[in-house]
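The following pair of complexes shares a single chain, chain A, combined with chain B in the former and chain C in the latter.
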Partner chain A sequence: MLLRPSVTDLRLIAHDLGRILAVVAAAGLLPLGWAIFRGEWSAAGWFLLMIGTAAVPAAAAEFLGWGARRQRVDWSHGLVVVALTWLVVPAVGTLPLWLSGHWGRWLDTFFDAMSGITTTGLSLVQDLDHLPESVNIWRHTLQFLGGQGIVLAALTFFSASGALSMYQAEGREERIFPSVISTARFIWLVSVIHGVVGVTALTVDGILVQGFEPVRSFFHAINVFMAAFDTGGFTPQSTSIAYYHSALYEGVLAVLMVAGAMSFGLHHALWNRRRGLLRNLEVRTILTTFGILLAVTIVGLGISGVFTHAPALTRRGLFQVLSAHTGTGFSTVSTTELSRWSGLAFVGITVAMALGGMSSSTAGGVKSLRIGLTVKAMADSIREALLPEGAVVPDTFQQYGVQRLTPRMAQSVMAVSLLYVGLYLLGAGVGYAYGYPLDQALFESVSASAAVGLSVGVTAPGMPILMELVMILQMWVGRLEFVAVFALLGFMASLAVGE
Partner chain B sequence: MRTLFILVVASFVMFLAPGATAAQVVDVSDLDQNPQAYDGQVVTLEGELIGDYGIRGDEVWVQLNDDPYIENPIPGGGAPAGGNQGIGLRIPVEIFDPEGWGPPGSVRYRGPLVQVVGEFRYHAADASGETFVQVVDITLLDPARPLPSGELGTPGRIGIALLVLAALIFAAARYRARPPRG
Partner chain C sequence: MPSDPHPVVRWLRRRAENIVQGTRGLAIEATIVLVLIVVAFALSFLVVALR
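What follows is the complex of A and B.
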């Protein structure tokens, strides 16, 4: 029997959503400030409207005080807040995009806002090269908020009960410190330090190496930093990272992409100079898959004859595999050229996207820890079958110390991995039904579900509305790793038919 | 007279030069669709210089777009007509004329419209694998022109009103939540 949520439950959820909107309003100050600084007055008006739209319900939630006396906070409440947050924030975030006139229909702006907040990077923007700089900064700020975890941002500023469920519902499994609030603050500290170093390096490179004007160099740097560290993939120019024509710039971005795809637990371990990290199952898994897929892609490119020079092949292949495996979605080749990568190169990039980065990072996809645990569980089963009856197969693995792989954990990991496969196939089926070649439909579906953002041209203005809706769903469900979405569906069902 | 003589000789040389005379008029999409066929060929492109002038020693990198927005970008009142289409240009600094051309295209400017003649280089081995057009000649068709910067407008005024309302509600919430006196 389903229990109908009480009015208090609904008030608690509304109160938490209000606080999330306060974070959105605060984040809108960055593009607003840039619009004023650069004299983009129309855009300044759009951001004022967005900030005001977010601020009124945020203030109302405080006034009503619905969250002041929490009588009970259960696990599902946090999950529902997170699932709703990732719908409400893109809805509010579309305002400046829609008013700019650079998107064909409102759904396209919601697609881009969802793509931003989920750090996917697919885009339906038109005439990006004439887009106001402040709107570009907002697109990238959405990626930063989404990568960091917007609920995490709210937790950092507003200590809340139910914090643990909300933290984990955003796709983070490990707590670095006993307190979620302390963990959230550590994540922000890591991000700010990477931000200062990354933006400085990119700005200096832009001025000294690429010959950009200082303000424009800073503009590029802050945007691509947010997209790289949060494995987002938006760029301020239409030709993605190929715009910069610079191996050095790509090198800096590669470091930031890797840092973004690393779990914050690994960041913490590296900061504390802990030894033996290479024994960690997740580190070993991601190094292994990256090495294999890089080799597969480079061999594939070599066979295909797309490249005639080994250094060019290696540079492009390495960057694209890194971009795919970290879930970033930056590209140094055009969409048309990427669509010509066939055979092994296609397999290498697609599988890299599907696998994703590390758990508790800003990357999407199945994630390396699940891959490692799935392989271990299967290997253990085979060993048990081959060894004499009664022989003991160790069920432990290294992950910041010795952990035990319980049957329940193995089932959970495999279930989520299978759900991802189902999500990939869902989008591929819809794309194929609309007449796209199966390989292209699969590529785009994996890219959306695993929050990557590489495209072979299927995602384009004017794409079928149903397909656009399915891709929005894939981005939302894939980023939240299913659980929060299932909780929201259960909550809605209990609202409708509960007693 | 001396200037006229140089111009006549330069025109004659351009006319005789095999690259220039054989230059095929192409779109960026032609190069994108069939890059290996054009690799090493001299091509002629027309479009808008956009983004940034990246001045690197004796050469300048800039992007050339030849999409539907080169005449009428969206901030100038153009309608959405799909994505951008562009390619990098590498221009010798001797023929780079930012004062004459004006700023590259952005939200503030429709960039200069130019015709370029140059060699298409596809993943060039001597340029770290970059794909671009090595420009040998560039002709200004129309200099950059400013686009309207706009004003706060109705959205801005509504936004300010909402912010005032939010501030009042928040102040009321603080007032209500203050501890009782005594």
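What follows is the complex of A and C.
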């Protein structure tokens, strides 16, 4: 029997969503400030409107939740709030995009806002190269908010009750410090240090190598940093990272992408000189899959003759694999050129996107820990079948210490991995039904579901509405790793038929 | 017995320590990328030479 949620439950959820909208309103000050600084007065008006649209319900929700917030917030509340956050924030965030007139229909702006907040990077914007700078900053800010976790920001600033459940619901289950708040502060500290170093390096490169004016160089640097460190993939120009024609720029972004796809637990271990990290199952898995997929892609590109010189093959091949495996979605080749990568190169990039980065990072996809555990569970089963009866197969693995792979854990890991495969096939099926070649439909489907953003041209203005809706669903479900979406569905069912 | 340092001094020390730790993390990430470049170049060179 389902229990119908009480009015207090609804007030608690509204209260937390209100606080998240307050964060959105505060984040809107960044593009607003830039619009004023650059004299983009129309855009300044759009951002004021958006800030008001976010702030009014935020204030109302604060009032609504007065008293209710003293109640205990349980696990399911946290999950429901997270699932709703990834719907409400893009809905509010579409406002300046829609008013800019650079998107064909409202759904396209929602697609882009969802792509931003889920750190995917696919886009339906038209004439990106002439988009107002402040609107471009807002697109990238959405990625930064999504990556760092709007919920995490709310935790950091408001220390709301039920903090722990919301924190866990977001997929950041590793508690590096004893309290959630101190963990959140560490995450921000890592981001700030990477931000200062990354933005400075990119700005200097922009000035010295590309010959940008300092303000223009800073504009590009801050946008591209937000997209790289949060494995987002939006760029201020339509040609993505190929626009910069700079190996140094690509090198800095490669470091930021690697940092973005690393779990914060690993960041903490590296910062504190923890030894034996190479024994961790997740680190071993990602190094192995990365090595194999890099080799597969480079051999594929070499055989197909797309690149005939080793330096060009290294530069393009490595950057694309890195971008795919970290779930970033930056590209240094055009969409048309990428669509011509066939055979092994196509397989290498697609599988890299599907696998994704590390858990507790901003990367999407199945994630290396799940891959490692799935392989271990399967290998253990085979070993058990082959060994004499009564032989004991150790069910332990290394992950910041010795852990035990329980049957329940193995079951859960395999279930989520299978759900990802199902999600990849769903989008591929819909794309194929609309007449796209199966390989391209699969590539785009994996890119959307694993929050990557690389495209072979299927995602384009004017794409079929049903396909667009399915890709929005894939981005949302894939980013929330299913569980929060299931919790929301359960909550809605209990509202409808609970007693 | 030495007196406790001023809170501002403590805060500055902690931030300086964070910067050193962060730099160490960045250096390791940059090393990973450098190793990848070397591996990718060796592979590319081999593939192009054998083609």
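Basically, the second predicted complex is superposed on the first by the 492 of 499 C-alpha atoms of A that agree within 3 Å, B and C clash if a C-alpha of one lies under 4 Å from a C-alpha of the other, contacts with A are read in each partner's own complex, and residues count from 1 in each chain.
Following the convention adopted for this analysis, a contact is a pair of C-beta atoms (placed from the backbone, for glycine too) under 8 Å apart; a residue touches a chain by one contact, two chains touch by 3 or more.
Just so you know, these numbers come straight off a predicted model, no measurement behind them.
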Contacts of A:215 with chain B and chain C, given as first, second, both or neither: neither
Contacts of A:317 with chain B and chain C, given as first, second, both or neither: second
First, second, both or neither for A:402, with chain B first and chain C second: neither
Touched partner set for A:59, first chain B, second chain C, both or neither: first
Touched partner set for A:309, first chain B, second chain C, both or neither: both
Touched partner set for A:415, first chain B, second chain C, both or neither: neither
Which superposed partner A:251 touches (first chain B, second chain C, both, neither): second
Footprint overlap on chain A, comparing chain B with chain C: 307-309, 311, 313
Sites on chain C touched by chain A in the complex: 18-19, 21-26, 28-30, 32-33, 36-37, 39-41, 43-45, 47-48, 50-51
In the complex with chain B, residue positions of chain A that touch it: 25, 39-53, 55-56, 58-60, 62-63, 65, 68, 99-104, 125-133, 209-213, 216, 220, 237-239, 242-243, 245, 247, 307-309, 311-313, 315-316, 333-334, 336-337, 460-462
Chain C partner contacts - residues on chain A that touch it in the complex: 189-190, 193-194, 197, 251, 254-255, 258-259, 262, 267, 270-273, 290-291, 294-295, 298-299, 301-303, 305, 307-311, 313-314, 317-318, 322
Complex interface listing, chain B residues touching chain A: 32-33, 35, 50-56, 60-61, 63, 65, 67, 69, 73-76, 78, 80-88, 105-107, 110, 123-125, 128-132, 147, 149-163, 165-167, 169-170, 172-173, 176-177
